[in-house]
Amino acid sequence: MTADVLLDVQELQVQFRTERGMVRAVDGLSYSVARGEAVAVVGESGSGKSVGARSLLGLLPKTASITGGQAIFDGNDLVGMPERAMRAIRGRRIGMVFQNAMEAMSPTITLERQLTEHLIWHGVCSKAEARERAIRALGEVGIPEPERRIRMYPFQLSGGMRQRAMIAMATAIEPDLLIADEPTTAVDVTVQRQILELLKAQKERGTGIIMITHDLGVARFFCDTAVVMYAGQVVERGPMAEFIECPAHPYARGLLGSTIDVGDRHRKLSVIPGSPVDVANRPSGCPFRTRCALADADRCTHAQSLESVSPGRVAACWRSHDHV
Amino acid sequence: MAVPHTMPKRSVQAAAVVATAALALSACSIFGDGDTDPTVGAGGENDAQVLRTTWSNPESLDPHVISNGIWIDQQGLFEGLVVQNSTGSDVEAGTADEWEVSEDGTVWTFHLRDDASWSNGDAVTAQDFLWTYERLLTPGGSGAGNTTGANSYQVALGIANASEFLAGTVTDFAEVGIEASADDQLVFTLDAPNPGFLLGLTHPSMLPLHPATLEEFPQEWTEPENWVSNGPFVLDEWQRNVEMTLVPNENYWDTENVHLDEVEIQLYASGEPVSPVAYDNDEVDLMQLVGEDVFSYVDNPEFTDQIRAVEQRNITYLALLRSTNPVLEDVRVREALSLALGREIVAGLQPGVAVARSLVPEYLGAEHGLGQDEDIARAQELLADAGYHDGEGFPELMLLTEAPRPELDVAVDQWAENLGVTATVNNVERGVYVEERWSIQDTPGFYSGSFITRTNWNDAINTTFNPRTMEEFSLPAEVWEEYQEVQADEDLDPGERASQLQALRDAHASAGAQEFTALAAEGSSQPDLEAATGYFVDAAEVRDDLYLYLPVTLIDANYLVRPGVEGLNLRGTPDVYYFKGVSITGE
Amino acid sequence: MSDALVRLNGVSKVFRGRGGAVTAVDDVDLEVRRGETVGLVGESGSGKSTVARLVMGLQPVSAGTVEFDGCPMTSIKGRQAASFRRRAQMIFQNPFGSLLPHFTAAANVAEPLRLHRVVDAAAGQVRARELLELVGLPPRSAELYPHQFSGGQQQRIAIARALALEPELLVCDEPTSALDVSVQAQILSLLERLKDELGLTMLFISHHLGVVEKLADTVAVMSRGRIVEQGPAEALFEQPRHPYTRQLLAAVLPVRGEPVPLPEDPWRPEDDDGVRMIEVGPGHRARIGAAEQPQAVR
Amino acid sequence: MTETDRIDPAERPGPPDSSEPAATAGAAQAQSQFRRAWTRFRRNKLALASLVILAALIVVAMIAPLIAPYGFEEPDYENTLAGPGTAGHLLGTDLLGRDLLSRLIYSLRTSFLVGFGAELAALLVAIVIGLMAGYRGGRAEQLLMAVTDVMFAFPTYLFAVLMVAVLGRSVGAVILAIAIASWVNMARLTRAQTLTLMQRDFVEAARAMGAPGVTIAVRYVLPNAVGPLLVAVSFGIPAAITAEAGLALLGLGVQPPTPSLGGMIQDGISYVTSYPNMLVWPAVMLAVVLLAFTWLGDGIRDAFDTTGTRR
Amino acid sequence: MNLAVFAVRRVARLVLSLIAVSIIAFGLLQLAPGSFADISNLAAEESSTVTAEMQQRYGDEVPVWQQYLGFMKGALTWDMGPSYKYTGQNVEDIIATSFPVSATLAVVAVIIALCIAIPVGVFSALRQNTPWDYGSMFAVTIWHSLPPYLVGTFLMLLLSGTWHVLPSRGWSGPENMIMPVIALALGPAAVMTRYVRSSVLETLREEYVTAAFAKGGARRLVIRRYVLRNSLIPLVTVAGPVLANLMTGTVFIEWIFGIPGLGQYFTDAAASRDMPLLMGTTLFFAVILMVTNLVVDLLYGFLDPRIRATAGAR
């Protein structure tokens, strides 16, 4: 761990209370983010990638609770942090960008208020100054006529513009860490590229970024580190380039093989059979074993721990060395 | 979302402030003047004598418009030539302090007292009375609102040409037998001697009105700010449907005998549950117990000294409905139904209810045997005679009513059990009831009604189910239809209409009904009360034997009167008592 | 061309709403030949889904004609319409939403058979099970309800249903957009297999260029209701001629290979106003002015 | 369901129980919407208890002649206004000595008849017009809009009073009056549900399959609107019962001697100071019935998860 | 469509509905059996001939349509003539004096109901699935199931009959409002509490609430600015109809507590077939309902910027 590490998550566990009993949505999530580093948490539906990130800020519903692990941010553990201390971190030190700005901004409050209020809450600046900063931030994310637009309500902006405004909302306060939860899923490819460029600028300023995405293209384009999750567990973690080059875990390999690029016309798709596993019905041992071509009845029914496959890379499969 | 367990207090406070403000605002404007003080009353420490009582909500206070209001006029707002004595059996001096009658009993001369004056200070004159009576008798009423003619009541007084003027056959009021021979002298000329004339003058329609006020405010004269009257009290406040306040008339001639400083009358809307809660809660000092409330007070030792009964004040009856089905045109059938009505059962259901055997209350001294009694064996016999043995082939009967009444349920039950006759109760709204009573039904049956019993023989014969009405009742259905057409014919001039109706009655009314008419007329023309009563008793008997109506029960009126209310003379009349003379003594 | 199953000639669609008229599809010419898969790509709001609905006759055209097997759709009425319905079927983006929630998987698949009275109920059930098997669902799933399936399985049911009437044309409107990456690959493989096995003619609509490239023989690129470029898939993806196509390709972030830098001066739809489609290669047309043509070749 | 929902259901803020068990994962049992709703409903103890109570009361009402100790208009002049616990009259008697328990049982019969009858009649009309208005638009929609405008301007209570005045006071007339006064809201709900369901892809899918409009409306759309309609009915029945009681209080309810809860309450109110049990029994019964329907409605709503139909 | 056209259409629909209401009401009255006659105090009834007299006066000499047009003309000029039953009072005067009473009751009841509903509903939602939540929802459902006339009757027996703390009836001061308002407010309070609770619960699940917390908002602030604002605006749509219903539906309460509101007059007029009064009150209620609905729409539009914006665009 270097001095630059902003956040260090270790063995995080999150449970949900459901009608069918307790469900472990996140079961052992570990990664760290350094200043200026972008970590991609990649996975499919129900893999726990978003729950894991939101739990850091205590933004889960009441039915959820963190049952284990720690998340050291700036020397303090976010897990079990008192509400007051947590509030000082939320929005100020750790910002968050949501998937859909339409849903993540109140329809009845003007942009101005939504962009400035937390500056005032955190005592960053005065109201007038906050307004200046918000206008500037809007300009920076490429919204024309920010002075006029700031008086509008979110629904009066186009989708792309709303998404930018939300990024302005999270970044105007210059947080140390940014959690971006599928920030481009709801927008078109051309807009996606622009949004990512905006986030890149933040990264270059030294902000650490946790990017939650199901899109490997986005992850690869933007992030330095890949954390691949499956059924609430991390199956592989390591530098992005090496991960793309030769994924170690069979699931990660399958995922990469399923991803279609332009120019893949003649590449044969590698298909993972079966359906993604639901965390509520996770099989014992390796969660992927029911879909894994390499599954071995003896080895895979035991829990797989993350083991180093190469420097800086870990994977949760006993055969992962075979592929590196 | 994890959420805090605190409440946004500020919005709650804001809402509370708004609510308080709204309450405060509304309190200033929408309530009545609000000068009533519920703690002041019979039990209160205050010296002011305030009588708090209840009355059925009056639609109007015009004594010429039939509504509950005319009895309030009578109770103390206006004063007629004469007023009733404490039992209602005779009259005492009112605005007139003296009167005499000619020897033939047809000319009555009244002398107004010198100090009789209106509440605005004007003297009460004979011309005022004359003006009032012209207003009363003018066909169609004088003011736009005077539509419900109390004038028809006055037919019974027998004032010369009064009915003719009312009917339109006489158009010059000067021909009517009322004359103001001097400012303080009023002379009535009657067609025939009338032993009921003096008591008849105590009807609210004979109260004097203040001509100047009525001419200035044809409609609004009953508003407190325009109010002028000659009685012991004047209208101080009238919050419609809620409350009326009367205060003493300073210009009244007999203020010494007016003890109350204020009368508060809670006005109960029709159908409103008149719960004695108001009495228990010390909101009123005097109220009538209505319907089922008698159970918790009458015969309750705790209230023995607070209950005052007016015996046999009301009589309930079933009256014949006109029907295309002639089954009830057979008097034997009607008698049979009457004899098996179950009166004893009804009387046993509630305290203060007695069997009614005649339309005339027992206390007038009618001998036993007058009227209708119960005899099931006889009833069955009669029905069999009429051709309906055990009710076979008897059509279903309808009992029309505008409120649930136990006697109807009992009748249905008893008729079915004893006579094999089925009947259904048809409970309809007032508007329907009033119309249906007079229209011709497909189903034979009766309508249910009740009267305030008449406290003297004259009224008992000549007002409730008077001769003309009895003749009308006895008309066969098809004649009744024709009769109503004549009544409704706008093209006929009034005189012509009256004579056509008379002709129809003469031709088709039953012999019994015509006999009743003759006996009643004979009685009314007797100058001597006793002689008259003889005829009236006979007439009553004839009337009851027609079985065109079946008397059911006589019902006591029970009043809750708070201890300390003195000088209260409850009478069997519709106005019940006068405010004058009532006082409240601190206990 | 006689082998054109579907042909759109100058088709436009205008929606009139409270906010005024919106031209969703603007003078589109398109052709789907038998046995061919035509891919339609574009961003949201480009009108590609509206084209699908116009082809399916779910909405009337505002101008132009849609011909199915040489027969203009506007004149199709009554029985002809019913027979058309049997010959063209559709798959939707949201598999759960497009299935009848209160019908079992088998009943969903058998419903078109019932509607068109192709077979009796019992035979319909048998056929439904065969079809479910064809799309890779186990027989025991026949009696389950749609909500009991995962998204990929639901889409398989929807495909089975679309195939029940053995249609000549299959219109797929973003069939994999709502699915996870691994499931998307499954469905695409399934469609590829079915295409080969059954010789399906498909109109395949997606915003995902890679997916379209993978499946389509011919590709049309749409923007703001207009087709800006169309041609054989290989030619179009390797030698995009229209600036918008190039821009779109550049915006895609590949997993393998390097991303292309975005063009400095983004193309705007207005740039195309008054510009006509011209032939730029064999079967390859683009909406570029003749004057631009030399520059377009890079 | 939106695209975003599908991508990551378990990660939406909310319990991750929305992620369905994959059919292949185990031997899942076929679950129709009703079975699913019933499973959820069963877990709601209050709603289940309400259902049991209502079912029991309905049975009691249906077999009233068998279990009522007396006829509803059978007098007992020896035992008038008897208190509760009088021999032979468990709950006491009224002025004519009629058995209150028997009258209460028959009252339930009338009240349920009015409640179910009115709601059923309203529902039938509402479904036809609501479906047509929602699915076809056009004249049905214009009609519904116009009627809605008028009915919204016509105070329901005043309308019912006038209707009963016209139709009379038979059970049928009261049912009709209440039904006419209440079908509009139900039709609007049906229309709204239809419009919502029309947005669902399966309608377009059905059209693409070649299903005719009637089939879509009746076979595909309607069954999916059942949940909210059931909820509306379960709230509508007690409303109709209350409406009858209100009419009865004004003397416009079902014609006596046929007893109804409202009629008994009307009787009871006049006796409240002397024989409160005459008011207490029907009042308690009415409250129990209304309460049970409310909880039942809540249960059904939660079971079908139709949050939009909350009243 | 611009705002003016929208407004004109809206008003036109309003007028058409009013005409329809008047025709329906008038038609129903024509169909209904019975006609107006003097319904004097039947207990004090003196003679049957009086009613016959009335029949003559208010016979059917005028054609129905002329009666209708005559009445409508009167209604439009706010001169509906005297009531048949309340002789000496004009219909418009009756309405003018009694409607404010009903309206006050209704408005105060709705305010009280809101004062109960908002805190209790919000509280229950914030403490979902706690004993507090279950308890208050249980209580609220029970209120909901008690018709106002029963509540009113029991209140009167308790507070006036037994404890002697409030006057049982009348309309002379604020103390007369307490029981009626409670009886009236309980039902709406229950309805609105349930609405507020579910609305708040729904809003709590919105992403923007999470986003507000993610910005570091204090709970109270987020609840007020994000949750309450967005969940209470729709309450207007519930409170409006409730208010309109109360204004027309206070009749039982007016009856039990002897309050001189319009509902009493209406019922009385209906029973006694007082045509002018009945038509007058019906039309007046219709206008009140429409105006309330209109105000609710406008208010909702004003409170919700989304609707405000689209309405402005039209």
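We just call them A, B, C, D and E in the order they show up, numbering each chain from 1.
The rule is short, and it goes like this: a residue touches a chain if its C-beta (ideal position, glycine included) is under 8 Å from a C-beta of that chain, and two chains touch if they have at least 3 such contacts.
Bear in mind that the values here come from a model prediction, so they are computed numbers and not experimental data.
Following the contact convention of this document, A, D is the list of chains adjacent to both chain C and chain E. More C-beta pairs touch across the B-E interface than across any other pair of chains. If each chain is reduced to the centroid of its CA atoms, chain D and chain E end up 23 Å from each other.
Here the CA centre of chain A is 88 Å from the CA centre of chain B. Distance from the chain A centre to the chain D centre is 48 Å, each centre being the mean of its Cα atoms. Taking each chain's centre as the average of its CA atoms, chain A and chain E sit 53 Å apart.
In chain A, the residues that touch at least two other chains are 45, 54, 58-62, 100, 214, 275. Under the contact definition stated at the top, the residues of chain B that touch 2 or more other chains are 1-3, 271, 273, 275, 277, 428-429, 432.
Along chain E, residues 32-34, 157, 161, 205, 207, 210, 213, 219, 267, 270-271 each make contact with two or more other chains.
Those residues of chain A whose C-beta lies close enough to touch chain E in the complex are 54, 57-59, 61-62, 83, 87-92, 95-96, 98, 100, 103-109, 117-118, 121-122, 153, 155-156, 169. Those residues of chain A that touch chain C in the shared complex are 44-45, 188-190, 192-193, 196, 214-218, 220-221, 244, 254-265, 269-273, 275-276.
Across the complex, chain E meets chain D through its residues 13-14, 16-18, 20-21, 24-25, 28-29, 31-34, 141-142, 144-147, 149-150, 153, 157, 161, 191, 194-195, 198, 202, 205, 207, 210, 244-245, 248-249, 251-252, 266-267, 270-271, 281-282, 285-287, 289-290, 293. Chain E makes touch with chain A in their complex at residues 128, 205-208, 210-219, 221, 225-226, 229-230, 233, 303-306, 309.
By the touch rule above, chain D contacts chain B in their complex via residues 13, 73, 75, 77, 80-81, 95-96, 165, 169, 250-252, 255-257, 267, 269-275.
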